[in-house]
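Look at the two complexes coming up: chain A is in both, with chain B in one and chain C in the other.
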Partner chain A sequence: MSDKKAILSPLPGVFYRKPSPEKPDYVQEGDTVKAGDVVGLIEVMKNFYEVKAEEDGVIDQFCVENESIVDVGQEIVSLK
Partner chain B sequence: MSDFKKVLIANRGEIARRIIRTCRRLSIPTVAVYSDADRDALFVREADEAVAIGPALVKKSYLDMENIIRAAKETGADAIHPGYGFLAENSAFAERCVAEGITFIGPSASVIRLMGDKIEARRQMKAAGVAIVPGVDGALSSVEEAIQAAQEIGYPVMLKASAGGGGIGMQVVSSDDELEKAFASTAQRAGSYFGDDTLFLEKFIAAPRHIEVQIAADQHGNVVHLWERECSVQRRNQKIIEEAPSPFLDESRREALCQAAVRGARSIGYTNVGTMEFIVDEQGQFYFLEMNTRIQVEHPVTEEIAGVDLVEWQLRIAEGRPLQREALPSAPQGHAIECRVYAEDPRTFMPSPGKIETLRLPDGVRLEFAVTEGDQVTPFYDPMIGKIIAHGANRPEAIRKMKEALGRCVVSGIKHNIPLLVNVMDHPDFQAGAYTTKFVETVLKDCGQGEMRT
Partner chain C sequence: MIKVIKPGLQTTVQDKGRIGLYEIGMPPSGAMDKYSFAAANLLVGNHPNAAVLEITYLGPELLFEKGMRISLTGANMPPKINGEPVPMWETLEVKPGDILSFDFVKSGARVYLAVEGGIDVPVIMNSRSTYTLIGIGGYNGRALAAGDVLHTADMKEKDVPVGSRIDEAYIPVFGKAHEIRVVVGLCSYRLTEESKQTFLQTEWTVTPEANRIGYRHRGERLQFVEREQPFGAGSNPSNVTDLGYPIGSIQVPDGVEPIVLLHDAVTGGGYATIATVISSDLNRMGQIKTNEKVRFAAVSLAEALQARRETEEKLMRIAASL
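Moving on to the complex of A and B:
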């Protein structure tokens, strides 16, 4: 599985797929992303940090649900 | 003795512990509510009873009104103390408490609502004769209206979200072009953060100081001030160090500021302890910013110089008892400084959750800590793990005591901001009382790029 790519959580906290509750998700499964594109937010201690793709790819699937608790280094998205 | 049979504390961490301490002294039983992440927290162990109210996410626990009301009913609590943050300034929650026959330890829902709306609050204070920052009184309906207003006030101006706070949803602009660009983006950000995209505009004050007045008001029309706190040492627009009295004010300005705060609070029929926040310019002219209708993080510095227990005052006011002015000294007693200890990188302010391996705290100062050695600092809540409060006969003595106390703190396992606090205490500008809200940037620059000196 060496060709499998992933986006990992840079911090522990709560993961959000959208910039705010009323807004649409940043990205959907099947979307193409470029390195640097934002795919979600991590809330840690009342601060929000963007989760960005580190390389180009296509979103295969989200490994965690919106508003779930994630650990640092946890896989958030797998890329094709 | 108290009229309350049992007080539920709708909060966590150090403020929950602080409220429990006063209730215990007054022989009032307490109920803690806690999320899954706080199951083993100190405040849960210290309360007489504790009720689980949901998962770690705040909106499913500490912000879940129904679960909290249910906990109060199940435990027979007849009053709820909201602490600060969470539901403390939520008018719907205050209303729910009243509807359920539970005393909300705070002002009425209508006063919370009034002061929560920054435009209304400004209008109200202006009508009461309290100076406000020159600006637009109403909500801005268009970018053209904003530009016209900015030209009248004079650049630079600050574009602000009506529902904003804590430094979020505000932007300084220096020209028509900048204002045009900032208008849409600030409105959009305000809409997504606060669910309200209403904007207003104020004159931007250069070299500002943040000075606030602690007031208390009972249900019998008595309003008193307990002098001011200077809270200009901030990072990311959030306070790190507070002191009382302010080193900037002379006696006549202090009196004018405190009387303005009393006048403002009286004009809205305020009841509870509360804080009128002001921005003060280089000439010492002060302008009303906003009112916090709750106990504040920095209340201990006022308690130290006034010799009172503000949580007790909140309880007494909520019980309907009259304020006892004679409990106050005729002048501030000495000088007090508070340092907030945050679990974060002292230079980048990046949060640092984790396990506190070592926590050794000094004696000779007042400590208000949320955690103990071996506790986990979770990523779910505020990074503040505790506060250190030093009180001296005068400002130099308070600074000396604080420096000694910080020097004796040992915290390991997480990053923390004690090195920054030490550098502030050591800085000649801080020692001279010559600082503004931009001061932390100066301290960081003066520390250079390497590891911070401790």
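Moving on to the complex of A and C:
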């Protein structure tokens, strides 16, 4: 499996890599994730939406910084 | 019955709103884009105030347990029935067991889903609209959650044949940059002449703090005319003595980040309201997403009323065509 897969943001908003400021990141680059695992949060309209992996894979890299503003359809994480 | 499999981000029951209680401090709520709301009800032959689902940013997944006609209007969020793409702005039919789902939103922010007869929730203060901030109206006063079951009401007035479609000319197109018309006032006298210009010349960016209560915009700092604040007005120059806030009024706390107050907002307070979005452009405002661009264009009250008449005429022509 060499083809890369992407996790896209379904929403516009602020992207967070951790569930709360004092908690560790959900996942790190190199971690193995399963479909349904949470990789981050998007905050918009005072709602927090969990961004989940849709398929199994290994986190290749995060394409956006923690706390940056993302758009609908923007690539957040690439999997390998 | 309609079963909620996945709720989406914020899917609420809305109608025209709780009209007539503004003076006691109760905002109307109701559909943010009333044009798309009205078109959705027309497509299924409903009473104009039948309740629909307002779907924001992310579509739900819904299971229809009985067959009925439905329609989808508003933002371009490609809908699918049992995984097959179906058109928006058209009278559709679902069969028992059909599942409605959506792709990512392509343009606009809010989709309206009307079902034959309307969504049946209790009428509270003349309305079926949800006001999530205090938990009243709609489905238990909140956005839909997985497992909720919706019933349909009996507000159907007319049989609209499946496949009936709204003329392309009446389907709004939503870009990523928006011109929103405003009437300047009520308290624009508090801004410096330079800042009045800045307000109208700046390309504002909608921040993540943009919801049914209000839309916050980032751009330039605005300056207020220096004065000794009157009694009761508070110390910040963006404050005035209390006034009622029209829906669509724009306040600029401390001169930073203008906020357009919308259908779930407080009805009054002590911020200078520097301009008011015209009623027909509130529909468009409800289709703007976080990160998109807004320019405010000043129009006269006569132009605002003319725009309102044109919007009403468009809806009358849609009604006549179905």
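Criterion: the second predicted complex is superposed on the first by the 78 of 80 C-alpha atoms of A that agree within 3 Å, B and C clash if a C-alpha of one lies under 4 Å from a C-alpha of the other, contacts with A are read in each partner's own complex, and residues count from 1 in each chain.
Operating definition for what follows: a contact is a pair of C-beta atoms (placed from the backbone, for glycine too) under 8 Å apart; a residue touches a chain by one contact, two chains touch by 3 or more.
For clarity, every value in this text was computed on a predicted model and none was experimentally measured.
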| item | value |
| --- | --- |
| Partner chain(s) touched by A:10 [first = chain B, second = chain C, both, neither] | second |
| Which superposed partner A:67 touches (first chain B, second chain C, both, neither) | first |
| Chain B versus chain C as contact partner of A:19, first or second or both or neither | first |
| Which of chain B and chain C A:30 touches, first, second, both or neither | neither |
| Which superposed partner A:46 touches (first chain B, second chain C, both, neither) | both |
| Residues of chain A contacting chain B in one complex and chain C in the other | 11-14, 43-47, 69 |
| Interfacial residue positions of chain C with respect to chain A in the complex | 9-10, 56-58, 104-105, 208-212, 289-291 |
| Residues of chain B touching chain A in the complex | 56-57, 192-193, 195, 343-344, 351, 353, 379-383 |
| In the complex with chain C, residue positions of chain A that touch it | 8, 10-14, 43-47, 49, 69, 71-73 |
| Contact footprint of chain B on chain A as seen in their complex | 11-14, 19-20, 22-23, 43-47, 67, 69 |
